[in-house]
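Chain lettering (A, B, C, D, E and F) follows the sequence in which the chains are written, and residue indices restart at 1 in each chain.
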Amino acid sequence: MPIDALVIAAHPDDAEISLGGTMLRLIEAGKKVGVLDLTRGEMGTRGSQQDRDAETAAATRVLGLAWRGNLGLPDSRVEVTLDARERLATLLRELEPRLVFAQHTEDLHPDHAAGGRLAREGWYLSGLARVAERDGGGPARRPRFLFHYMGHVPFEPSLVVDVSDVWARKVELIRCYASQLAPRDGADRGQHLLFGADILSRAETRARYFGERIGARHGEPLLHHGPLPTVDLAGFF
Amino acid sequence: MPIDALVIAAHPDDAEISLGGTMLRLIEAGKKVGVLDLTRGEMGTRGSQQDRDAETAAATRVLGLAWRGNLGLPDSRVEVTLDARERLATLLRELEPRLVFAQHTEDLHPDHAAGGRLAREGWYLSGLARVAERDGGGPARRPRFLFHYMGHVPFEPSLVVDVSDVWARKVELIRCYASQLAPRDGADRGQHLLFGADILSRAETRARYFGERIGARHGEPLLHHGPLPTVDLAGFF
Amino acid sequence: MPIDALVIAAHPDDAEISLGGTMLRLIEAGKKVGVLDLTRGEMGTRGSQQDRDAETAAATRVLGLAWRGNLGLPDSRVEVTLDARERLATLLRELEPRLVFAQHTEDLHPDHAAGGRLAREGWYLSGLARVAERDGGGPARRPRFLFHYMGHVPFEPSLVVDVSDVWARKVELIRCYASQLAPRDGADRGQHLLFGADILSRAETRARYFGERIGARHGEPLLHHGPLPTVDLAGFF
Amino acid sequence: MPIDALVIAAHPDDAEISLGGTMLRLIEAGKKVGVLDLTRGEMGTRGSQQDRDAETAAATRVLGLAWRGNLGLPDSRVEVTLDARERLATLLRELEPRLVFAQHTEDLHPDHAAGGRLAREGWYLSGLARVAERDGGGPARRPRFLFHYMGHVPFEPSLVVDVSDVWARKVELIRCYASQLAPRDGADRGQHLLFGADILSRAETRARYFGERIGARHGEPLLHHGPLPTVDLAGFF
Amino acid sequence: MPIDALVIAAHPDDAEISLGGTMLRLIEAGKKVGVLDLTRGEMGTRGSQQDRDAETAAATRVLGLAWRGNLGLPDSRVEVTLDARERLATLLRELEPRLVFAQHTEDLHPDHAAGGRLAREGWYLSGLARVAERDGGGPARRPRFLFHYMGHVPFEPSLVVDVSDVWARKVELIRCYASQLAPRDGADRGQHLLFGADILSRAETRARYFGERIGARHGEPLLHHGPLPTVDLAGFF
Amino acid sequence: MPIDALVIAAHPDDAEISLGGTMLRLIEAGKKVGVLDLTRGEMGTRGSQQDRDAETAAATRVLGLAWRGNLGLPDSRVEVTLDARERLATLLRELEPRLVFAQHTEDLHPDHAAGGRLAREGWYLSGLARVAERDGGGPARRPRFLFHYMGHVPFEPSLVVDVSDVWARKVELIRCYASQLAPRDGADRGQHLLFGADILSRAETRARYFGERIGARHGEPLLHHGPLPTVDLAGFF
């Protein structure tokens, strides 16, 4: 069941909102993409657990994911434990993605930050032979690239993925999470969100801002620690 | 006479020493590469002007450059003048490169730093229509990418070009500049160089250090201001 | 003729596009605001000199500026000369603004960058008594604050001014520069602009992106070097 | 029992030493200020637990705090646990401060750093509705601003609060902690402190240094992640 | 049993590979140097536990260490626990080193990063009198300097130690760890290492790269947080 | 006439105010120290040219300088010209200092910033053989170290020189410049100075603040670009 790219996200819908366009682009290019949600989002302000499970299933189909899993960690209480990071490393050895996308280790949502650190540590461990022999999941194998995507904390990106051509489809993807797009009640003015209450409007603003940075209509920002490799700069022609 | 990539360098041999592998890779991939030397290197510690001109011609042939020019600025006295930057902008409109490579604007050699700033300012101006109408060189046209390459000041690169497969040829290229590789006399212990007297040895060390950063044998570091664009991350598979 | 705030801009319309909302807010709060254009924008890609002068006059009226001047430097050739910075210092002593807003010293447009450096150096000199005695313009007096506003290079702002309530008026202000908003001809695809060809759309995206950073609908980013002063944090309640 | 501002501190006296002037200024301006000590300082080098409790009570009166509480964590062993951060979030919902001040997340004292991270995570959680429903303390409500104050690690501040006019009173406030100001015995040369053994002298030096940064006699530095909001820059006139 | 300098390392051989030259230099200058390994390296990809113990003993003799200890933490599962950091603080009070060298707190290997944080926190605690009274190990005493050395993540160093004269001996030191230098089997292509599979070649490249930064043949990079102290700059003549 | 260290300063008294303690320490250690003033300070707010010349002569004697020179550039109009930097390079070859101290290239006083850049460029050129042959001053020879000292813009120092033991003498040195310490008239409230009107008080505050950073009573901060070299870390014991 090898896949090409895995997106690790604290809550269902995080992957779609931040990285939906990139996933659509990868799938369009024939890549197998998976999503690992760390929690089921059961402490989310809006929507019930059942709503959320159904919405996640729908989004998974619309995207055409090759794989979707859930680590079953407790929402609002994600921590970087030895157990969680070893389970993640095992999964990486099983799925064999070449690219891993994780949240930012300094994101303001504690679950996002913990998820980002978990990904970084699990990613490293996936390449250690004796850990592989102890924990299973296949031989030691570390994904070639680890990128961080943007959540509640802006950063200066290393890359922006041009998602202009799939933007309308990304909007549809976010709409799959209908329960997240409307207030739960009169007291809900989106205050659980840090940068603006309207998820779709916020996604649009961010995509246009980072799109402009590369001269595109819509873009999704990515952070890579350390220089990116290239051979003959073919990607720049 | 359109070319694909232009390397701007303060002194003949700067382009080859810092970026020879990248140029070889680009040419190998079928791209037309040019070099613009800002001076003839007439104040260089080692070798005569005639030596240097002959060596530059030889290196140009070995590389297979599509174009090589010289801006005729005074060595050790390169400055960012209006005239120089407008001549550079005109040349960019004539040559139409998509990629431009320049030295670092904070390099410790004043000629390198001035050359880097000249490139940045000329690059911007090349895209202004009225400047084009006034100065000639064809319609306004700004190269899509401006990269900085490494001279006397290290930086954290955005990209490292894998030049492992052409490394032996890059060494041959540097050897074309024989006058630069040996001391001029007993008093010459390479003190005109900041980071080690032996040019070949220094190039090897740097290439291996940055090569390791991307898991390659030899690499050349590049700096890009702002995020790099990509579409479906095809370059990462 | 003392004013409260002075915006220094390389080209007419720079002040309005980047800082129109802040100026509207200041004027609404009863402050006297002035704009010093460094050039008449005569090398602008779009529109004639006459168009531009007329548009500037119209925008000045719509804004309700207390003062607008022009330093008469050559467009596309702004440089930090002793003469220009001393004329600027004299003007600062005459106008006595408490706040000065300038472009960013590392902006990619060479005129913007030179204008930003000119402002920083002139600002410092305006406080030197013997310079004042030599050059006139009144006693030495340095504006209390120097902020930089955003042009072609993004930066992490120190402050974002909430301009949500005046956004519609800012759009009208930009529309005063009608010649700048439409292509000059079929070859003009906005390539003189770095980050997107449509000035209004770009202004909207940027304002919304930085507005979100402070939880507002629209915002304009400002940079201040060094800490900002406060007394009892009254502005935060 | 709503308050306007809450200072979170690892040890009693941390709040007064680092932020006493700011608290005095806020109270003078009519704001209700609270302090939450995370521990009782029972592992402090100097003074007994009883001394410290009595001194804290005295300082609380002198300051005129509206509220002071203690989280009861173990001194020298503060950790970011789920329990501690949820108790903090509950408290924030109860107290409803608009401003929260916390130690720096990279401070060299492990208790300060843990306290700073605890504050950041608890601050975020206080805005989540389901966490509020589960844990009590009132409806979800996240304080508008989170600032970090300076302890053992210098940082470039976003803001400096001008505390010149209350400096003498701040000194009196620090003097309330008499047990902390004198060596416990001959072996105590203040080596538990990183930057100078004399607390009063160190506070004076720091306040004058940061005061000078804003042109004031005494100042207290604050760090804010991300841009500060303003409307008409009224605070700068 | 006081020593002058202590190197803290997650795995046996980490100290020698990253800091062997510095230790040789210190010992040559008459200093007593110790190494504290946090684990026995039992999860290392190559070599058995017995191999590794024997190799560590040999390297210890070759180096001429005054002390070598092991904290017995689990390899691949090093964590910053209260217990571990208090044991480390006790040890620092017993050994009384003036200099401590630790791994980088952001190293990509989770054991290295945890070891670096453990060192930083234990270092701070070693100076607290009541912690000393509770835990033993002698009176409170904090080592004067804490440096970080380089592992899997490059950093811009504060210092580079010139180890040119002892380089051949450092190579011999690394060769003591023979089991680590050769692949365990055909599947081992060094993928557990991030930056190149050949430990000796990598050490050589890094030493030459950082050596060049200070004009030496071989150097080892060190990071110090905050300014370094000097009196009459004697070290620079 | 070789000297050991040269301080380059835009105005007479700059060297003493910022670096007086370091110069005293060096001279006390038997080093020959020189000062090169770039201007005669003729545009200084306070004191006449005659006052200033006499004060400079007195300070030179008190310090015990081995050499003091003046480049004769115009005060308030220092620029980085080819002529000035070549004259400086010639002087560096004549004086043969091992250490050079210059102002910060981003200082807010334009003369300081220009002086800092002049020093950096002249320092580089002093090592070029053909420049030496053309301009005289002896064979090519580049000072081993270039440090920047602090003026109007704070920076995070690489080094702090402990000047506690010579602090009283540094105060006497500053007092040599009596004309600079008192207001010229009623309108002079020190507004020509950015960070506090009282030169002595400001020097004291800064020295204590940076002294604390290294655990000393008084310190002077220095910036070095790139890592500092050391051999056996002898300076740290």
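By our rule, a residue touches a chain if its C-beta (ideal position, glycine included) is under 8 Å from a C-beta of that chain, and two chains touch if they have at least 3 such contacts.
Note that the structure is predicted; figures quoted are calculated from it, not measured.
**Q** Looking at the contacts, which chains touch subunit E and subunit F alike?
**A** Both subunit E and subunit F are touched by B, D, going by the contact rule given at the top.
**Q** Treat touching chains as neighbours: how many steps, at the fewest, connect subunit B to subunit D?
**A** The least step count works out to 2.
**Q** Taking shared residue numbers divided by all residue numbers at the interface, is the value for subunit A and subunit B over half (same) or under half (different)?
**A** same
**Q** Taking the mean of the CA coordinates per chain, how far is subunit A from subunit F in Å?
**A** Centre separation, subunit A to subunit F: 53 Å.
**Q** Compute the distance, rounded to whole Å, between the mean C-alpha positions of subunit D and subunit E.
**A** That pair's centroid distance is 36 Å.
**Q** If you look at subunit B, which of its residues touch at least two other chains?
**A** Touching at least two other chains: 154, 213, 215, 226.
**Q** Give the pairs of chains that touch; include all such pairs.
**A** Taking the chains two at a time, the touching pairs are A-B, A-C, A-D, A-E, B-C, B-E, B-F, C-D, C-F, D-E, D-F, E-F.
**Q** Mind listing the subunit C positions that touch subunit F in their complex?
**A** Going by the criterion above, the answer is residues 82, 85, 120-121, 124-125, 127-131, 134, 139-142, 225-226.
**Q** Which subunit E residues qualify as touching subunit B in the complex?
**A** These residues of subunit E touch subunit B: 154, 195-196, 202, 205-206, 208-209, 212-213, 215.
**Q** Contact residues on subunit D for subunit C in the complex?
**A** Against subunit C, the touching part of subunit D is residues 4-5, 22, 25-26, 28-29, 31, 98-99, 144-145, 156-162, 210, 213-216, 219, 221, 226-237.
**Q** Considering only the defined contacts, which subunit D positions touch subunit E in the complex?
**A** These residues of subunit D touch subunit E: 43-45, 76-77, 79, 108-110, 153-154, 184, 187-188, 191-192.
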